[in-house]
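Note sheet for the following structure.
We call the chains A, B, C, D, E and F, going by the order they appear; numbering starts again at 1 in every chain.
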Amino acid sequence: MKILVIVPILPRSGKGKLRSSDSAKRYVRPDTQVDSINIEYGPASIESVYDDTMAAPFVVRKAEWAEKNGYDAVVVSCMMDPGVKAAREAVDIPVIGPREACLNIASILGSNPKTILPRGIPVLQMHDDPEKTYQALKKAAEKAIQEGAEALVMGCTALSGIAERLNKELSVPVLENQGTALKVAEMLVDLKVTHSKLTYPKPSEKKRILPG
Amino acid sequence: MKILVIVPILPRSGKGKLRSSDSAKRYVRPDTQVDSINIEYGPASIESVYDDTMAAPFVVRKAEWAEKNGYDAVVVSCMMDPGVKAAREAVDIPVIGPREACLNIASILGSNPKTILPRGIPVLQMHDDPEKTYQALKKAAEKAIQEGAEALVMGCTALSGIAERLNKELSVPVLENQGTALKVAEMLVDLKVTHSKLTYPKPSEKKRILPG
Amino acid sequence: MKILVIVPILPRSGKGKLRSSDSAKRYVRPDTQVDSINIEYGPASIESVYDDTMAAPFVVRKAEWAEKNGYDAVVVSCMMDPGVKAAREAVDIPVIGPREACLNIASILGSNPKTILPRGIPVLQMHDDPEKTYQALKKAAEKAIQEGAEALVMGCTALSGIAERLNKELSVPVLENQGTALKVAEMLVDLKVTHSKLTYPKPSEKKRILPG
Amino acid sequence: MKILVIVPILPRSGKGKLRSSDSAKRYVRPDTQVDSINIEYGPASIESVYDDTMAAPFVVRKAEWAEKNGYDAVVVSCMMDPGVKAAREAVDIPVIGPREACLNIASILGSNPKTILPRGIPVLQMHDDPEKTYQALKKAAEKAIQEGAEALVMGCTALSGIAERLNKELSVPVLENQGTALKVAEMLVDLKVTHSKLTYPKPSEKKRILPG
Amino acid sequence: MKILVIVPILPRSGKGKLRSSDSAKRYVRPDTQVDSINIEYGPASIESVYDDTMAAPFVVRKAEWAEKNGYDAVVVSCMMDPGVKAAREAVDIPVIGPREACLNIASILGSNPKTILPRGIPVLQMHDDPEKTYQALKKAAEKAIQEGAEALVMGCTALSGIAERLNKELSVPVLENQGTALKVAEMLVDLKVTHSKLTYPKPSEKKRILPG
Amino acid sequence: MKILVIVPILPRSGKGKLRSSDSAKRYVRPDTQVDSINIEYGPASIESVYDDTMAAPFVVRKAEWAEKNGYDAVVVSCMMDPGVKAAREAVDIPVIGPREACLNIASILGSNPKTILPRGIPVLQMHDDPEKTYQALKKAAEKAIQEGAEALVMGCTALSGIAERLNKELSVPVLENQGTALKVAEMLVDLKVTHSKLTYPKPSEKKRILPG
């Protein structure tokens, strides 16, 4: 099985090319190949509907490319699920957005699932001081629990890998988003199902010009 | 007052430039100037989430251009409201999508408002045989009423100008979409309000590359 | 165009007669005539369902009078919208209640719109100490924002004219209620639509005795 | 215990005075006295929001009279519950509307409870041809069941006494409205509870003029 | 009329046999006979879905026994309503759960009804120190009111008899659960209705083995 | 990884013992061991809330047994999810019900997911005439699609293995229930998360007697 992770932001330096996704390997089966690729146009990070809108057309293009190149499923690596619905119309393979996947799975774990973000830390700075990010995240988690959340989901795919530590220190489950999206993609391929063409009908042929 | 109507599709032939919107004049006050402009990239018509996604970034660009060029409000001329929420984040003037505007106003007119489309007629063919389009639209209206709609809204801005005839032949009000969106835009400017920055926060500065 | 503002409370001293509405002029077009009239029976102010119930039949009567006397639309000047639905059944012209109009328009401005009232100040005392009223209103606005409101609406038509100052001092839009209702009424007349007779059917003829 | 049934329509001929309610006796305990009284102003029957609005102030007046005259609870005999909420604000005894009471009790009996009315028969003609009324009612019941109702409620208090026959001929329970409202009123008095003053606060003192 | 109260917990000492319910007498008519009986298997108290699940099959058995022995209705004496829906499928007489009955009746009394429990006091200790239980309950009531509840319901049938005192000391009505359930049961029998067989269809015959 | 499939019905003949689940093997990884076991008491099939209630305590017991015997997760093989919530309170490993798992996953595939059952064929007869069952199922699927379903889920675990054929002949995805539940269980173990103890708190120690 081959899954393409579309990273819906501009590449930092040389990371833009198609590459094997190391961070994904721990979540999927040994026989599942996971590659990842950045979009060529769009924003450097996604933190608004504005960013989401700027990234979406280029996510769709990568999904079309993935289908043509034999991938069995696509994961869009961003908790705003940019371009996911449009991509489902365009292709016949599963297209998984981590927000939708995580909120569905988290609802099996507990009532009132909420996503959490380290308040005041922009996406592009999350890796600068991991401990500060972790503490901000933990604080956000405790606030969410106090306000009624009984299951949590990491609010940004840039936070991958932190869930495990948080899980140990909190009384509620915290779902890793990237991993969950990959597992759902793998599951749908194994179950041999894809999205409904009643919900996501194939767009009709017409003139469309997307630059770049 | 100056309102810009953004037509979120590729121009047919030479219609792409900024121009005075003749069809809009009958809806607004004499002292309200309405111009219209097509987007430069995107689809030839919008009939899917896919088309919406392809058009949205270029709608946002035109909204930014409108604000810089002294327009008081923007109307996006498509019943899928492409790019409307992203544009509200980007600019400080009102950005009106006809779907949202019409469904809100229609709810004042009657219960369970629904949009209607002439079934089986693609957007680009709606003007080929106006009578056929009208009859298909009327049939859709009657079906919607039978299924519980008590107020109707034209489902495509390409249908502008037909509402009046339909209103005469049906027992429920039919709202003209383009006209309603223009009136709501004019009203918000008159009332000196614009969108909440809590709901539509200004996107942070960052690297973003949109080709074209 | 002629719009009648029905003030659904007893007149103070000699204000009960039909009169030109000065406060309305700043909201509508120069060619729109706005008159206002009080009801002849009912409460001195409306602050409960009890007051609303006592005013409603007399609002309906005034709406019937307005239609017979050539008015194109009616606005009921109270944020409880007393008698609005019954009046829509009785007449064929638009009948606008500011609550419904404002909550619909505010939802275009921001998420979770809420009405605000100056706590602890009865309607009949709102004009006694305008600064005190303003400060109480601002406090209510800040509380509403803290509790999640992202757009606000003046909670009483007696507060007309204060929205503008509040708009300048707050981070969310505050909708003027009387003005919004007038603009929506003017818009519906311009768009040549009125309420659905499926939702608001004409009451059948029968014996009805309303004293006074 | 003394319960007053307020009949919120004009009396036919001499029936307007306070009288012992014979039809109510079969539903309540022998030691519960049930009187009934018509309103003095309002419509001859209630079939619209318009009628409801015209009746409501006079229902409230009778509820106030009932409390002053030692009644323990009030039932408003109409499935539109006219004036019920205003009356709860005005008095401290339970005020029961049959619509609310029946829909609550019917939800204990089955899913998706619906009210049924004999289509095409005005309220004032329901007693002209009882068999015709019954057949129209049965037809309405069967249609409601086909559309998903699993419990039914008589849609007009003028239909009192028919539920029993319908219950025998249908597969779902049919709730008698007048009887149910009386039983709920009796129950609340027995349980020594009345409406919340947070939900139905006492209206403040002010000038109010209701003619008649 | 004969009503059986099923106490869905293990009997303490010799209380397990069928007995006349003294505590129920104050709620029902003198001619209504109320007996009560414990289940033979299950938990000592019900404080979790786990307890509810362990009790439910044995509640259903007692309901079947009640119907065979001439009871007109059944009340399950626990605010989790264990086995109520299954029992309605099994028998043709009304089966009343106090949670459902109370939340329906409380919604007539005020908005946003909530159940209250004395925090930190397990069911089996509620009778150890009645004053402590009462104070904990009152505190829970005040918290619920502060959070928006406008009507309250006792959260455990073991708290029967305390509602009256609480009613006197609070500004919102507090519904006694056991009494309310009994009154609703009596009412349904009087009204000659029972649960819908569309909602609660008779289970088909098949092999079923329940030990004990 | 070891998953226990609890079959919540009485064993047919000798099938009641713990056994390796052959039908499950095609869904899980080669290194995942799937065993299955029937409950010892309860119904022969589950087609009502009554059956569900009779099976639930014995499902919980098996889940407790599974945890004690080193299983990593439990799947309850019935589309009514009997005992699932109680079992989650009792144990610390994931407990998956196919209804919840399938409706969550199906919502990723398409709008308005519905379960389908071959109308008129009791569970115990589904295997008697597979072609008849298939045709009845297909008819149910077509009806569901006509009524608005855009994704489907097999309505009974006894239908396992039919989804694939149905998927080929219909325009919407049909989710295999048993397989989906197993994949979700495997996924949660891989992701190292389990149910929230805020949502499913550990039941307190107390006397509980369950016969058998």
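Following the convention adopted for this analysis, contacts are C-beta pairs under 8 Å (C-beta built on N, C-alpha and C of every residue); 3 or more make two chains touch, one makes a residue touch a chain.
Here the structure is a predicted model, which means the values were calculated and not measured.
Student: Show me the overlap between the contact partners of subunit A and those of subunit E.
Tutor: Per touch definition, common to subunit A and subunit E: F.
Student: Smallest number of touch links from subunit A to reach subunit D?
Tutor: Shortest path length, in steps: 3.
Student: Could the interface between the copies subunit D and subunit E be described as same, meaning over half of its residue numbers are common to both, or is it different?
Tutor: The interface is built from the same residue numbers on each side, given that over half of them are used by both copies.
Student: Please identify which chain has its centre, taken as the mean of its CA atoms, farthest from the centre of subunit E.
Tutor: Of all chains, B has its centre farthest from that of subunit E.
Student: From the C-alpha centre of subunit C to that of subunit F, how far is it in Å?
Tutor: The mean C-alpha positions of subunit C and subunit F differ by 56 Å.
Student: What whole-Å value do you get for the distance between subunit D and subunit F if each is reduced to the mean of its CA atoms?
Tutor: About 47 Å separates the centre of subunit D from that of subunit F.
Student: Centre to centre, by mean C-alpha position, how many angstrom separate subunit B and subunit C?
Tutor: Roughly 28 Å, centre to centre.
Student: If you look at subunit C, which of its residues touch at least two other chains?
Tutor: Each of 200 in subunit C touches at least two other chains.
Student: Report the topology of the inter-chain touch graph, choosing from line, ring, star, complete and other.
Tutor: ring
Student: Applying the stated contact rule, could you write out the chains in ring order, opening with subunit C and then subunit D?
Tutor: Here the ring, read from subunit C toward subunit D, comes out as C, D, E, F, A, B.
Student: What residues of subunit A sit close enough to touch subunit F in their complex?
Tutor: 27, 29, 96, 100-101, 104-105, 107-111, 145, 150-151, 164, 167, 171-176, 179-180, 183-184, 187-188, 190-200
Student: In their complex, what parts of subunit B are in touch with subunit A?
Tutor: Those in contact with subunit A are residues 10, 41-45, 47-54, 56-57, 60, 83, 85-86, 89-90, 122, 124, 200-201, 203-204, 206-212.
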